[in-house]
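Two complexes come next, and they have one chain in common, subunit A, joined by subunit B in the first and subunit C in the second.
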Partner chain A sequence: MVTFLNIFIGGLLMGGIYALVAAGLSIQYGVGRVLNIAHGEFLMVGALITWYLFTIYGISPLISLILIAFVFFFFGFLLDRSLFSRLRNISPSVAAFEANSLMACFGLQFVIQNIAIVIWGAELKGFSYMASPVNILGALFGANRLITLAYSLGIAGIFYLFLTKTRYGKAIRAASQDIFAANLMGINIKFVLSLCFAFGALLAGTAGALISMMYSIHTTMGMEYTVIALIVIVLGGLGSITGSMLGGLILGIVGSIVSYLEPGLTLVAYYMLFMILLLVRPTGLMGRGS
Partner chain B sequence: MNFKLISLALIGVTLFFLVLLPFFGSPYSLVLLSNIFMYVVLTVTWVMFCGPTGYISLATSAFFGAGIYTAAVISFKVPLLLTVLVGALISFFLALIIGIVSLRLKGIYFAMFTFGFVELLLHFLLWYETNITGTTGRVVLTLSNQTVYYMMLALAFVTIVFTQYLNNSRYGMALKSIGENEMASEHIGIDTAKLKILTYCVSSSFVGACGVVMATRWTYVDPKIAFNPLYSFIPIFMAILGGARKLYGPILGAIVFTYLQEILTTRIPYYYMLFFGLLMVFVITFLPEGIVGIIDRRLKTKIN
Partner chain C sequence: MKIGAQFKFFKVVWCFLLVVILFVPICVFGKDKIVIGQAWPLSGPVAAAAKISGGTIYEMWVKEVNKAGGIYVKEFGKKLPVEHKIYDNESDIGKTTKLLEKLILEDKVDFVLPPWGTAWLYAAATICNKYGYILIGGPGGAAKLKELDLPYFFQVLNFSETQGPALAQIYKEIGVKTAAVLHRGDLHGIEYGSAIAPHFKEAGIEVKMMKSFPPDATKDFTPLLKEAKGLGVDAFVVACYPHETIAITEQAIATGINFNAMWMSVGPYDPVIYRDTFGASVVEGVMGGGAWNAKTSKGAAELVRLHKEYFKAEPDYWGALYYWSSLQHFQQAIEKAGTLNQKAVRDVLATAKFQTALGTYYYDKRRFLAKECHPGEIGQWQKGVFEVVDVGPKRTAKPLYPKPSWPKKK
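Here is the complex of A and B:
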């Protein structure tokens, strides 16, 4: 029974992290059509800034988190205004824009990663913060994991309310359904798209801040998280926040079961799941029909 | 003298020069040119399928890695040409599998599927090698620079000639019509699925053969070296850099890229990936038609 609980709750906590990692990419692709391959690099930078501020100045990761949220939001907004809005202008179709922005993000990934390597080097780093164990029905988990789960559920809740209750939330949902029509309805599409990319960057950065408290981090870790995020959003449906929450939790539990049975095959299982889902139901579990 | 004759003569002279190069060129020039030929094969084969149809395949490194691994497993046991053939065949069948299950996926979904396929192959092989065979890396047969050079020259030449032939044939036209409107081309009687899959398989088998030959340059390979996702993205970048609309675009892109890489890795080894990232973003945002686009514009203004 304790083993089962360990697997289940461990999976749930892992899933919370995965959901958080994926949520940003889900908004960026779902609304803005930017399949941001550099998503994991934003996360990495968030994690390393948190590590740096904690080890050098002793600033609590939870304070860095708020700081990172603002900085990344601003930076993401600027990036969309400068790079992706230009790409939108020169691309003749949505498909061409998706291809162009994918390649631009791939270039961006090199830029961000290599700047980080120049600043921080490539060796493993880590610190432990709030790692004291918490007993849940006989199974032990670090307090920082519970905080991460709470944060990711909280973020999901806030975003849900934001998307359903506010004017800008409505504008974003309208844009994700039909950009052209939304534009005709008088929505400032450029602003909304930049807003979405900025939110994505914010989510990636804060996810990085939380991850730095739990795992060892390094400047070349971005791609792993990008791949996880890709799998989760395909699982949950591109562009659906609730979908990526659900997808994250499912992936967490699947990962936790597989790593209990055969640890070496966890990633293989993820990719199998990913590819089967792409073939059987490319719109994802919560996605709209094509 | 017409334009076609001049260009044929030019190609002939270049080829003659390249064939004789090992007799007077430095060893370094052979290594550099072999690298250029490798990237030419990777880029031209990518453009062969993805250019006209508009599908974005990120599985180049799967085929390249399959070739590399073939060389690692059998290069000591069988003659070289047979290894190349086996590598090409394995890539052919890998592409067949991807093609059959995934070519109904459109746009970004196909890109993600092929990307996932490479990672799946990589991680499965990593697990298999550490847990079943108990090896972490393999040694590959080493060949002389000259052998690698001639093999790559032949491969690049065959790839280019084949692509040129394909582009001008009715199959090339059919591929282009798929890129423009898949449903319409199906209605005019093109067997789109068969044509897409076959082209994908043939283009991939060139990549597999290329992997076999280039593996001999590395002497030691492991799954992470063989299935490096970089080899999926770099050819696309070279195609964009050169311009994918004409056949000489990707070739030009590969040459410029390899030469730049050669200079930058020696001059600024710590910053060269950073530089590439910036170059990539720059080319995509400001030169969407690549080098070919610039040349075309110059020619047009001259004529007018």
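Here is the complex of A and C:
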């Protein structure tokens, strides 16, 4: 029983982190068609701000989380309005916009990373917060990981309610299905797209804040998390927040099972899963067909 | 004068001027600096680790040499300042070899310094040897390099070859009976894994668990920690890099899993990123690869003082003293050779004994830093000091066993 709990809850905890990292990118690409390669850099900045506020001013990462959520939402909104909105206007087609925005994101990635290196340097950093064991039916888990899982599930729930119960949520869903039709139906598409990018930035920043409580962080860590996010959103289905959550959790549980059997094969298991899914269901777990 | 003849005259004048511009300064003033190139990870997965373990030492050495006016080279009859030319290898082994070839063939640097990490060093050693360039090793080391026996390669840092037996000796002394041995799935991890297990067996320590994990990609170590705990092992031994060391420690604390002895190869030695991240009382009793401290020698104490002056932080307590001393030895070898010729300097490096911060420094017949010169192999955090706990005269404190439990956190 304890072994089962260790594998299952341990997998959920890891999956919660993966899901959180991927959700932001999923919404940015799924609705706004911005394949934000700089997604991991937003996460990195969120992590380093949390580290800085904790080590210099003693501010709890949970308070920083709220602060980062507001700042990143605002920054993401402004970034979409200033950069991607303009790219959308000058791009002759959606495909051209995707290519242009991808290039812009590559640039953004280098700009953010280099500014971060100038501010914080390239050294490894870390701090320990809420690293205390919690006993669940005899199996021990870190409190900071349980908080991350709770936050991931909480944010997924909030987003689900937002997308299904509010007018803006419906507008976002409409835009993700057909951006032109949504525009014709009178939806303020520019606002909706900026909102999506802002939510993506918020999720990346807060994921960074939570990750900083558990792992060492540094200014060049962004790409590592972007790759995780890309794998998860392809697994879950492009543009589906629920799919990202599901994809993240499945990846976490598979990783946990394989780690118990033979840790050296964890990466092999991830990519096997990835390949099988692409063969069986190319649109991802919750993705729509073309 | 005809136009053709005029053109020919101007061509000759231009050629003459070009020769004067290019060669006169060299003839009149000679060489004005020693250019030393390095392909170092400024970005990528190992950049952050490289910065804390090794990076500051090379930077500080160049500044200190230049502060003293440079290195005296008899051939030029004066002291030459050092220019440190660094290219970013992006933590990529392939890029490292290309950049080294660029430094040697295109930039024609006078010497090269090593990259960071065992696998990178392995690749760089063969490249430098191919072009007859001296490569004094830095962060990293592998027994496989000994097998290659490259005449221009000098191994500086101690590694599994001497740390494996030292750890087994310590464990035997303190009464460790069983152990779990884990390692990264790369050259560093595989060498440590295969070097440690036989020494443990020899010392009567049963290895109950032996597993590898994917390097750099493993985030969750709790299954491994729980499995080892479930087996009831006395010692948890991991060959890993700093980001993994931090993750393992954090996850052990978070799950409340403690072992009587805990050793990780790369990472615990760092006072800033390891001790200060968790707190001195939290890491009390954790062991790691190393090792030295300010008590090791006068030169070691001076290195700590200097590093604090430059970077407002203590140096790492494994490689810093090794690299620093290797550079002091290198500088004296150039001065003794009186030339920048690779072969001449190499011959002095291979045979000469010089006084350095760690004491008398020399290489053995295979050009590996002589074992007798090592300041220590295994360190353990005790009251904020990374004590050398090797069995024998290099010990600065007795090993603390069993390791105290992780303190209750807020």
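Here, the second predicted complex is superposed on the first by the 266 of 290 C-alpha atoms of A that agree within 3 Å, B and C clash if a C-alpha of one lies under 4 Å from a C-alpha of the other, contacts with A are read in each partner's own complex, and residues count from 1 in each chain.
Please note the rule applied: a residue touches a chain if its C-beta (ideal position, glycine included) is under 8 Å from a C-beta of that chain, and two chains touch if they have at least 3 such contacts.
These figures come from a predicted structure and were not determined experimentally.
Enquirer: Determine, under the contact definition given at the top, whether A:5 touches first (subunit B), second (subunit C), both, or neither.
Expert: neither
Enquirer: Could you tell me if A:264 is touching subunit B, subunit C, both of them or neither one (first, second, both, neither)?
Expert: A:264 sits against subunit B and subunit C alike.
Enquirer: Which partner does A:158 contact after superposing on A: first (subunit B), second (subunit C), both, neither?
Expert: In the superposition, A:158 contacts neither subunit B nor subunit C.
Enquirer: Going by the contact rule set out at the top, does A:136 touch subunit B (first), subunit C (second), both, or neither?
Expert: neither
Enquirer: With the two complexes superposed on chain A, say which partner A:181 touches: subunit B (first), subunit C (second), both, or neither.
Expert: neither
Enquirer: After the superposition on A, what does A:145 contact: first (subunit B), second (subunit C), both or neither?
Expert: A:145: touches subunit C, not subunit B.
Enquirer: Now for A:216: first (subunit B), second (subunit C), both, or neither, which partner does it touch?
Expert: In the superposition, A:216 touches subunit C alone.
Enquirer: With both complexes overlaid on chain A, does A:119 touch subunit B (first), subunit C (second), both or neither?
Expert: neither
Enquirer: On subunit A, what residues does subunit B touch that subunit C touches as well?
Expert: On subunit A, the residues that contact subunit B in one structure and subunit C in the other are 113, 264, 267.
Enquirer: For a test of understanding, state which residues of subunit A touch subunit B in their complex under the given definition.
Expert: Subunit A reaches subunit B through residues 35, 83, 86-87, 90-91, 95, 98-100, 102-104, 106-115, 117-118, 223, 227, 230-231, 234, 264-265, 267-268, 271-272, 274-275, 278-279, 282.
Enquirer: Which stretch or stretches of subunit A touch subunit C in the complex?
Expert: 6-7, 10, 13-14, 17, 113, 121-128, 130-133, 140-145, 214-216, 218-221, 224, 255-256, 259-260, 262-264, 266-267
Enquirer: Which subunit C residues qualify as touching subunit A in the complex?
Expert: It comes out as residues 42-45, 47-49, 51-52, 182, 185, 211-214, 216-220, 222-224, 226-227, 242-243, 246-247, 250-251, 253-257, 272-273, 277-279, 282, 408-410.
Enquirer: Under the touch definition given earlier, write down the residues of subunit B that touch subunit A in their complex.
Expert: Residue list for subunit B touching subunit A: 54, 56, 101-102, 105, 107-109, 111-113, 115-117, 119-120, 123-124, 126-127, 130-131, 229, 233, 236-237, 240, 270-271, 273-274, 276-281, 284-285, 288.
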